[in-house]
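Here is the structure we will look at.
Here the chain labels run A, B, C, D and E in written order, and each chain numbers its own residues starting at 1.
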Amino acid sequence: MKDYIITAENIQLLVNDVLKQGWDVVSESKTGVNFNAIKDASELAIKSDSKPSKLSMKDFFFPKTEPLFFYRQSHDGVELVDASPIEKKTLFLGAKPCDAAAIPVLSKVFNWDYKDEFYNKRVENSVVVSLKCNYSDDYCFCTSIGLSQKAEQGSDAMLTEQQDGSYFLHIVTEKGDEFFKMYSQYLKDTQAENNKPVESKYPEPAVKFDQGKVKGWLDANFEHDFWNNLGDVCLGCGQCTFVCPTCHCFDIVDENCNYHEGGRMKNWDSCQLCLFTKHASGHNPRDGQTKRYRQRIQHKFKYYEDKFNEVLCTGCGRCTRGCGVGIDIGGIMERIDKF
Amino acid sequence: MAENSFEPKITAFVCNWCTYTGADLAGTSRLKQQTNARLIRLPCTGRIDPVFIMKAFQNGADGVLVSGCHPGDCHYNAGNFHARRRWAMFKEMMDFLGIDNKRLHFSWVSASEGKKWVDVIDGVINTVREQGPFTQYKDINKETEIPVK
Amino acid sequence: MAELKEIAKELLTSGTVAYIIGYASEKNDKTVPFIARTVEDAEKLVFTHHSVNNLSVYLKRIKKPESGKVGLVVKGCDLKAVVALIQESQSKREDIYIISPKCNTVVSDNTKPWNKDNIASKCLSCEVRTPSLFDATFGEIETVELPSDEQIELIKKVEAMSTSEKWEFWKNEFEKCVKCYACRQACPLCYCDQCIVDKASPRWIDSSATVQGNFAWNMIRAFHLSGRCIGCEECNRVCPVDIPLSLLNRKMSMFAVSEYDYKAGTSIEEPTLVGTYKLTDNEDFIK
Amino acid sequence: MENIYKPDLAEVKEIIDETADTRTLRLQFKDPEVHKAFSFKAGQFGEYSVFGEGECTFCIASPPTRMEYIECTFKLVGKVTNALRKLNVGDTIGLRGPYGNSFPLEQMKGKNIVFISGGIGLAPVRCITWNVLDLRNEFKDITIVYGARRVEDLVYKNELEQWKAMKDVKTYITVDPGGETPDWKGEVGFVPSIVEKVAPSGENSIAIICGPPIMIKFTMPVLQKLGFKEENIITTLENRMKCGLGKCGRCNVGNVYVCKDGPVFNYTQMKALPDEY
Amino acid sequence: MKIGVFVCQCGENIGKTVDCVGVAKSCASIPGVAVSMEYKYMCSDPGQNLVKQAIADNGLDAVVVAACSPHMHEKTFRKAANGAGINPFLVEIANIREHVSWIHDDVPSGSLKATDLIRSAVEKVKNNAPLTTIKVPVTKRALVIGGGISGIQAALDIANAGYEVVLVEKEPSIGGHMSQLSETFPTLDCSQCILTPRMVEVYQHPKIKLLTYSEVEAVDGFIGNFKVKIRKKARSVIDEDCNGCGMCIQKCPTKKKAYSEFEEGMAFRPAIYVPFPQAVPNIPVIDRSVCTFYKTGKCKICETVCGRKAIDFMQEDTILEEEIGAIVVATGFKLYKITKPEPGSPYEGYGEYGYGEYKDVIDGLQFERMASASGPTAGEMKRPSDGKEPKKIVFIQCVGSRDESKGFSYCSKICCMYTAKHAMLYKHKVHDGEAYVFYMDIRSGGKMYEEFVRRGIEEDGAKYIRGRVSRLYEENGKIIVKGEDTLAGVPITIDADMVVLATAMVAQKEAPKLAQILGIPYDKHGFMSESHPKLKPVESSSGGIFLAGAANAPKDIPESVSMASAAAAKVMILFSSDILEREPVIAQVDESTCVGCFYCQKVCAYNAVERKEIKDRNGKLIKVVAYVNEGLCQGCGTCNATCPSKSVELIGFKDEQIFAQICALNEI
């Protein structure tokens, strides 16, 4: 695909133009907490060397709460009303590669056999322009799970910050190509400029492990003393799963908005919460934090790979950064690697 | 419609022994009142959980009144004393969160205070009417509402 | 630190405690909760400016030992939670061996080094750096220069807002909530086996992370903590979306002091604020 | 947009109280076309909604050979089942499905079949039992062992009588010791011991077993002793489910989603799973 | 669930301002409502039949009646519905008369409100559960605690009605304070003479089990079903064997080591003794603290002289367990001993009156003994110091009473009367004596009371001085009383031979402990609290526990007796049925979610919340949870609102019921 150069000013102009077309533009919020739909280009926060936001952008493909349909009850029965169709086009700008990479991973589970069109529609309607990452800390480990700070999975195009403050734009997919063709006035052809993306210097994540080896150990060690201590200090808050770009467990609940109407909602849920697997009878197959934490590791690094050929992780390190009691998933992987 | 045509919805949580009976007395005495209040009868003010108040606002009440026996008169000895602390804290919190205290009222009305009941309820209705419709909660209740096509 | 290790070794060797809940070093200066079960483990115990966690939360979360006490390394501020847990029949004083350090404040951001500008807000008004209730103590008090208490300023600022401004302020905060309940899990006083938010029938609080559901959750949690919150600010710290939860909790604690002269977690014998009353309680707001 | 989460509306046509806390609903889709198009296999399950309360997972208890009604049998345990109990004939519920895999009917043909169940575990077994009985000629010996704690806890009492009356079916109904009434004429004893007593041959046989975990645990060795091969012992798992579509992650155990890859597993498959069901 | 809505027009009462037809019609469209109709008078027989018929015709599961206040006809409609096979608790009332038609004139908005209230009731009833009234069997056996005149009266009344009574008295004899009195006001008849026959009646009554020298140690259970543990203290004398001959008492060598409690310390008694000659039962008790045998291991004279071998030195306390249906607490009072402030007591005492310091300063009860013909002076006025007849005597009223700063805020009620009596008795015995009474004001409300006081002043010449005594001191064998006559405004000094202090009536020291055992409230003075000061003056707040006499507050004899009879009547009402039925509106704990924080216990005014240990199969303690004693729970629901995990719910007013009501009210 083609490559371009786009200046910081032109990104602003492009964004305002896109907004004018009725699209949503989503970028990281300036507080660093989450991703936001912005109202104006001035709200953009494109920073390649910043820490990943606290929440990933999965909320925009798989919202924390979303109506699946609505119901209205009356004396004579029930009427079901469809949720509003998902039509809004969305440009994601400045996502980290580890965020964008979550999209194809999630697509697997939402599309095996039954297709979750709520997810698919949102992906379909989106253009993801990621930003090559110039950040690493003690907690990220993209390189250990087959990604990198310049991984293109899930991106329709990728920006690379140039030394002069402009951006090298590499088109990854057809969709990206089509999108930028609409806004070619803001792009400069790299051929013409004879420009090449500058490989900026950034440290690779320090955490290193061999995912294949880890998987091998997980295959064989569902029962192992190693698991016992892991759950000790875990408070079971599930923060790790909520901030994770790939965790996708959900709950379905009815929420009454008044006494006979309401919506059936699809809500984020977490395998770390003690009620997740608890039967109405009181029986709980995963009745301790140790078992629940093991499930998280196993599901991410073994089951998902067995089933979908993808590791359910992009190495963004959010779970560890946010953990109130300092449970370090990268560290755990390194330890397993050394067994 | 003119603004003054707004008629607030008031949910009143009252105890069975004092205020409900006081409201009965107001009825027996044919003391006219405005029609905006709807009473929910509970055994004692001690039973009134602040969540009831929250639920009432969530479900569209414009104002809430909570009323029970005067201190010392509680049919159950001390339910209203416990309630009093609970309310004070809840009211303070509601205020801090931005829910106008003019929409949340408390009173002691005994079984013999039919007249006081009328004064209280009309006062509450008038105060809430002045505040206008309580839109804050309606605004945040959109997500589970059936979309209007 | 050597003192702590000695105390811990002694306790574990003598069998006084079955295990000690303490802190161990992690990457950089960070410390993490750690459960020392052996004398070797005791070597790993540390207490630094980075020992932020309120470890009393584990009193309810970790299974009680068959014999022996639970050793707990707990700062003066967090000790209030232990007191509250005893007041609320969740623990027994005789079951806990309290190792309470003299504390020279902890960090606000655990990834950055401790300095004047990186001190947890709960430390700024701390009166219990030297603990009053303990079985063992260690360390020395040093003079610490403290920055100004911005949280209290913010409380005043919110109090001064108009009703609709307050609502907007909180709406913006609560909108972010993802209902992960990390605030609850990290709270030493949220010890219910089944939180009311998980109670299905009747549904107390919308379980969806809608704005209304988020308001309901945060409101009811704050109310359940009113007069009980001991101000460890763990909820605030673990919130993945940075909702200033302790603003609300602290506001209510201040109200408990001004209205009822009650400071949560001060004394085991003192009757709790909730569950008791005085004939003289204020009722100006009641018609 | 296709919405996999949206149920079809069905009407409660009949309510049958099985025991004090167990009830069967007979349902028909409101739209006759939907009803006509609905097809399923024995062992599959559905998601039943009471709007405003939520969804609940039960197997389809009626056999695919009898499509006039779709039946579900449930025990009062929680919020949704409580709401289901409040329904009257004529009320509307939501139903989506069928989901999951099914009993290996084709594989069962030409073989001896032993149906073993306890308590409300009879619901899925009843479905496959009628399915088999309705195609009686294609199977060899049929043995039914069903038990409950007490006589009043037995479900589908009429059908138990029908089975007992069938000459080409060996039916053993049992209650736990102490659960019998003075006029009880069936067996008294726990299901595993009755199976041991009845001793169906494991030769060319398939056993289908559903019930409380403790019953399954103690029946397994009996079946193995009788010569049943592990892959011929078939059961269903009852993990908690929400979506029924292999998405929500709740029923994930090891590499399987019970709702998609199950709920029917043979003993070999089950043993390969982590013990989290 | 199929629900029927029945809208009552109440003639014109509702029909005039509520469009009942329209309301019934719009209620028919509420989900779950199978039938909705209106009628002129729903509470009339045809109206009730209409309800019953509709239930039968439509197979209804629940009923909502929109009519007058539930306080009027809830019972009526519950009964009617029950008659048609519906559980009475599946009936809800929407109050559209007192709360709608009578207070609103506007038909449209009134009708709208009526519809809302009905919808709310419909939603509630959808969440109602069929309930059965709680039926508690009643053990028809009463416990009376205290054998003074109140306890005696209550016990006799209950026993005479044919019920068994257990009467527990902590002293060796029944009789209480009344047995110590010489004469009683306002009639001046002999106290013993009127009391003794009643004591004997108690003793001989086949329905009364008398346990003297016994104390209540524990009370479990609830109304109709108490289990009471009574400690029968070791008397060292076998009751059944003793015939009361008194030989042991006569021969006891330990004669002067113990003051007689009955004589208020004005005489000695032996180590083995009966408190007074007319004691019931007439069985002695050995005071082990002074008995030579218990001190030295030698003596046993009493054993030797007892022909019936009734002495048992090795006797031990025994614990009796009694099944009881109702309890009357008649523990009475004691007189305030003003000697010195007691350690830990908030009361300062009245050191300035020299009680305990000057022998000739005595209190009211001591004066009673002195005036009694059977007393230590055989009824003669002899002052304690030298036995001389006091020629000048000063009575000081309100010592401790009505004195918030040093004593008690309350009025002891009887002192004005007994002081007047004392002055009269004194004058009757010492004709040339002078009696002075210092008083604050005279409270003589009661039949013939005022006349009695006037008689003391006018006929017997008692000199009443309005004012307080500031100081007393001894000088030359006289007690110099310094005070002030506030009416004349002059200081007064009296050189008295003897001073009698009318000290306050205070609660028994053990009263708070007993109240805690019983689980009933008591006031800051230690008097047991009545459930309602006006309408329930003899009931405690715990069902089945009643109060009589001065245990509740200072009272005189007639008042104590009437209260005792009232309490007895309450007991008899309770005993008149075999089964106690009460509404099942009580709290219930979900043990699976209860974490045992016991906030419910803290807020329960009835001590109805107990701790229950949950153990696993091996008997290992898993957790401690709250448990609601349904006999004690009154159903206020404060625990429900306080419970953080909502593990306690008030049946009949469960959260889901209230939530449904709230939602329904704010619909549209």
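Definition applied: contacts are C-beta pairs under 8 Å (C-beta built on N, C-alpha and C of every residue); 3 or more make two chains touch, one makes a residue touch a chain.
Bear in mind the structure is a predicted one, so any value in this text is a computation, not a measurement.
Student: When every step has to jump to a touching chain, what is the lowest number of steps that links chain B to chain D?
Tutor: 2
Student: Common contacts of chain A and chain E?
Tutor: B, C, D
Student: What is the chain whose Cα centre is as far as it gets from that of chain E?
Tutor: Chain A.
Student: Is the number of contacting C-beta pairs greater for C-E or for A-D?
Tutor: If we tally the C-beta pairs in contact for C-E and A-D, the bigger total goes to A-D.
Student: Report, in whole Å, the distance between the mean C-alpha point of chain B and the mean C-alpha point of chain C.
Tutor: One centre to the other, that is 35 Å.
Student: Could you give the separation in Å between the centres of chain C and chain D, each centre being the mean of its C-alpha atoms?
Tutor: Computed from C-alpha means, the inter-chain centre distance equals 49 Å.
Student: Suppose each chain is reduced to the average of its Cα coordinates; what separation in Å results between chain D and chain E?
Tutor: One centre to the other, that is 62 Å.
Student: Could you pull out the residues of chain C that touch at least 2 other chains?
Tutor: Residues 194, 201, 204, 206, 208, 210, 274-275.
Student: If you look at chain D, which of its residues touch at least two other chains?
Tutor: Expected reply: 54, 78.
Student: By residue number and range, which residues of chain E touch two or more other chains?
Tutor: 592, 603, 642, 655, 659-660, 663, 666-667
Student: Pairs of chains that touch, anyone?
Tutor: Result of the pairwise touch check is A-B, A-C, A-D, A-E, B-C, B-E, C-D, C-E, D-E.
Student: In their complex, what parts of chain B are in touch with chain C?
Tutor: 50-51, 54, 58, 71, 78, 81-82, 84-93, 95-101, 105-108, 120, 123, 136-137, 140-141, 143-144
Student: Spell out the part of chain C that touches chain E in their complex, as residue ranges.
Tutor: Going through chain C, the ones touching chain E are 88-90, 191-196, 199, 201-204, 224, 271-272, 274-276.
Student: What part of chain E is in contact with chain D in the complex they form?
Tutor: Going by the criterion above, the answer is residues 1-2, 126.
Student: Residue numbers of chain D touching chain E in their complex, please.
Tutor: 86, 88
Student: Residues of chain A touching chain B in their complex?
Tutor: Residue positions touching the partner: 65, 67, 70, 72, 81, 83-84, 255-259, 261-263, 265.
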